[in-house]
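In the two assemblies presented below, chain A is common to both, partnered first by chain B and then by chain C.
Here is the complex of A and B:
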């Protein structure tokens, strides 16, 4: 097939944009393993900075993973039933509620964080524990879970499916676990990926909510860039990638495992 | 129904339904569904037929004062999952997350049926609906007709006390609809199960129903066997809704019904009749001398095996009749008609 000039122009443009986006990632990773970034890569490669990050910031990494998984659990427990309730009752009230849920995304994270501090800052144990950050993260990520599950639930004829199950003798909880949940699996997976990535990378709100003992990964990253060598900050970015990419791949794999099994059965 | 028990009898008394927005879907209804019969609820959309079915199923509660009895036992407060009725929906309502066999076995699984018995019953159902080969398919890999077979198998697998069908054939194309209608008819007769079938299609109703309930605006217009309803419609609405009914205006004089287009001999005419009604098949084409009515052809539709004619005899609507296909008719031709006096009706 002969391709015209327009094809090559588009290809060149696409590659250019990719290069523009990917170059900083590569440079940042390189900076993290370079002995001295000022003198360039001829100064040689080292894992010194990576180990330094691991020694100094290991706790922030585990805390971030812990918070993002707790946040996922929270949004699953709150968000999936909320989406189900919203899908079942389509009226003015439910639509208003749906819009209200999105507020923490529209309002700047700093404002939400300030409101939380003003209201609950006095509760000592709560203010200094990581669950204070968790509350902020759940507020911020909940709409993403609700929206993606709701989109899937609105696309299937939920009412008739449930009536069909009820006619066969299924109680409310049996219908919820046998019919509703399996059929919004795709939405739950999409929502989960969003929630974990957003929670992991959340900075705005966390910056205000954290205490010296409850630093998350992005807050630690900001610290590292602001107060230490550029190489340490870059090595931190590298560690961040190493942590989050396998987690996301695992989530995606978990969600697709059953689908793949279905396809195999049809052959 | 279980195999050894007598099929269920259902009695509705004073069942009305007003929806939350104030719409009155159903006027107080009394209805007795006999053990083992197939009762068809027939009417145009919005006539209350689906609401009636949903009240029987337990998917809707009747307004206060209405009761639903299953074999004399009051089941009004029971929700659908406690009534043990099989339900077949227009949109099938098959579970996309389960295979065909899992769908059919779902009700048995809920009843904690041992797995060997469950598998045996699912296979029996697959065989009964002749869909053995589809057992492992996913729902989105099935055609409409196959889906409806799965839905029937799923509803019957749990041996329900009654089978409720809500426009089960409406989503299918005409040819498949005819084939499945015959299958459903055979199935219902073989099982002897009490069945309530909702449809807006009068041909389906006539073919399947032991009795038909014709409904209009939330009220029963007539209850009777297909023959009763066709031959002795109780109201104009029923006459028009079931098949084609011709109407001519006139008056009775000397054993005949006199119209502006001629007079029809009618020895048993009710003296006060101002309108005579008859079906297309009671009209034949006649020479001028033997004709009762004279008119002109306003339309002719060649249907292959016959020709359907519309004939103007001076009323607001033309008469509809059918003629042999061999003859050619054209618009504007004069035509003479004879009416069989046994086919004449008045209300």
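Here is the complex of A and C:
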């Protein structure tokens, strides 16, 4: 097929957009391992900045991993049963509830965080513990888990599967654990990756919810950007990329695998 | 089946209680705190009566509108192009364009600094070309660039998904009837992508209204509502005003998304 000028103009434009998105990522990775970014990469490569980040901000990394896993557990326990109930009951009430559950994503994190502080800020032990941040993260990520599971549940013929199981004498809970849960594995997996990724990067709420003793990774990043040299900020960003990229790759791969499966089933 | 119905309610209960205790109740409390300041209900009208707050509201709305327009144009062109043309490297381009999908606002702010900051790429290139060092990261222009950066990946995904469902036969028909490329774009492609544009645009808009991390990284003096709220809360300790302003900001953002959802006729995916 012969391609015209329009094709190449659009290709050039797309490449430009790509450069806009990727160039700063590459620059920041380079800056994180360069001795002196101002004088360029001729000054040589070093892991000094990465070690400095490890020494200074190790705790934020572990806290973020801990919170994101706790957040995952929370959204699984709260979200998966709720998604099933919402899928089974399609009425005005369940639709309103679905709508409500998405609100923490639509409402700016700053507002939600302020609301939590003015309500529970007085509860000393709770306010200063990392569970205060966890509550915010669960609010923000719960809709993603519910949506993801709900999407799978409405794509399969749940009714037939459940009626079949029930006619063989399976109780409500047997059906839930042996029919429903295994069938929405894909949705649970995609939702889980999303939840962990989002929790790991959440800043809008966390900045107000954190205390000096409960700094998460993005809070530490903001700290480093504001007060330390560019190389350390870059090295810290590099550490963040290393943590988040495997999750993103897994998400993309999962999305493609599911698309391929649906296409294969169509044919 | 009524027993099953009870059990379904039981399954909804944990999420419902959590949500009521940690979202609905706090929001009600936030609204109440907003009223406890010296001005009473005035705190809620201050956003239009107070000249400073009103100017931040206007600049925030302007920023959000500009972000939405720029993102839709850029992602519309790139998204349709990548969906329509298969060529070697296509997949790699899509992967690169969606890579920053989960970057938090603070990291986006840092990306803007890498591009347009004091030691940034744009400054270096412009000094090399003209002798002048262009630095605009720490201003409204930098924030605009950051929000466009943030919004491109998710918008491209939405546009590509919608473009996949467009029927190429409609375009062929238009062409065979003598329509020029521009007419095809205006009369066939854009109307076909309209629901996707509305839903993706609403998310761009909501993000630019309420996001905080990027502005925080770039400069705390940028005059947008989230920064004003933050300053009122932390530096001025003016909790009633901060509460009222954030309640209004939340309400405006939520209404924009709700209206867009109705207009698009489909579910607007949530923003990250």
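Basically, the second predicted complex is superposed on the first by the 230 of 267 C-alpha atoms of A that agree within 3 Å, B and C clash if a C-alpha of one lies under 4 Å from a C-alpha of the other, contacts with A are read in each partner's own complex, and residues count from 1 in each chain.
FYI, a contact is a pair of C-beta atoms (placed from the backbone, for glycine too) under 8 Å apart; a residue touches a chain by one contact, two chains touch by 3 or more.
What you see is a predicted model; the values in this text were computed from it and never measured.
Peer 1: Clash or fit: chain B against chain C, after overlaying the two structures on chain A?
Peer 2: The answer is fit.
Peer 1: Check the residue A:235 against both partner chains and state whether it touches chain B (first), chain C (second), both, or neither.
Peer 2: neither
Peer 1: With both structures fitted on chain A, tell me whether chain B or chain C touches more of chain A's residues.
Peer 2: C
Peer 1: So, does A:198 touch the first partner chain B, the second partner chain C, both, or neither?
Peer 2: Only chain C; A:198 stays clear of chain B.
Peer 1: Touch test for A:101: chain B only (first), chain C only (second), both, or neither?
Peer 2: second
Peer 1: Quick one: classify A:139 as touching chain B (first), chain C (second), both or neither.
Peer 2: Only chain C is touched by A:139; chain B is not.
Peer 1: With the two complexes superposed on chain A, say which partner A:153 touches: chain B (first), chain C (second), both, or neither.
Peer 2: neither
Peer 1: With the two complexes superposed on chain A, say which partner A:53 touches: chain B (first), chain C (second), both, or neither.
Peer 2: In the superposition, A:53 touches no partner, neither chain B nor chain C.
Peer 1: Between chain B (first) and chain C (second), which, if any, makes contact with A:33: first, second, both or neither?
Peer 2: neither
Peer 1: Could you say whether A:116 touches chain B, chain C, both of them, or neither, answering first, second, both or neither?
Peer 2: Once the two structures are laid over each other on A, A:116 reaches chain C alone.
Peer 1: Please work out how little space separates the C-alpha atoms of chain B and chain C at their nearest point after superposition, in whole Å.
Peer 2: Nearest C-alpha atoms of the two chains are 7 Å apart.
Peer 1: Quick check on my understanding: which residues of chain A belong to both its chain B contact set and its chain C contact set?
Peer 2: In chain A, nothing is touched by chain B and also by chain C.
Peer 1: Where on chain B does chain A make contact in their complex?
Peer 2: 57, 59, 79-82, 84-87, 89, 91, 93-97, 99, 106-107, 110-111, 136-138, 141, 154-155, 158, 164
Peer 1: Sort out for me which residues of chain C touch chain A in the complex.
Peer 2: Counting only chain C, the residues touching chain A are 3-5, 7-9, 11-12, 14-16, 18-19, 22-27, 29-30, 33, 74, 77-78, 81-82, 85, 87, 93, 95-107, 109-115, 119, 121, 149, 152-153, 181, 206, 209-213, 216-217, 226, 229-230, 233, 239, 242-243, 246-247, 249-250, 253-254, 257-258, 269-272.
Peer 1: Which part of chain A faces chain B closely enough to touch in the complex?
Peer 2: Going by the criterion above, the answer is residues 156-157, 160-161, 163-171, 174, 178-179, 182-183, 185, 262, 265-266.
Peer 1: Of all residues in chain A, which touch chain C in the complex?
Peer 2: Those residues of chain A that touch chain C are 6-7, 10-11, 13-15, 17-18, 20-25, 27-28, 31, 37-38, 77-79, 81-82, 84-86, 88-89, 97, 100-112, 114-116, 118-120, 135, 138-139, 142-144, 146-147, 172-173, 176, 197-198, 201-204, 207-208, 218, 221-222, 225-226, 230, 233-234, 237, 240, 244, 247-248, 252.
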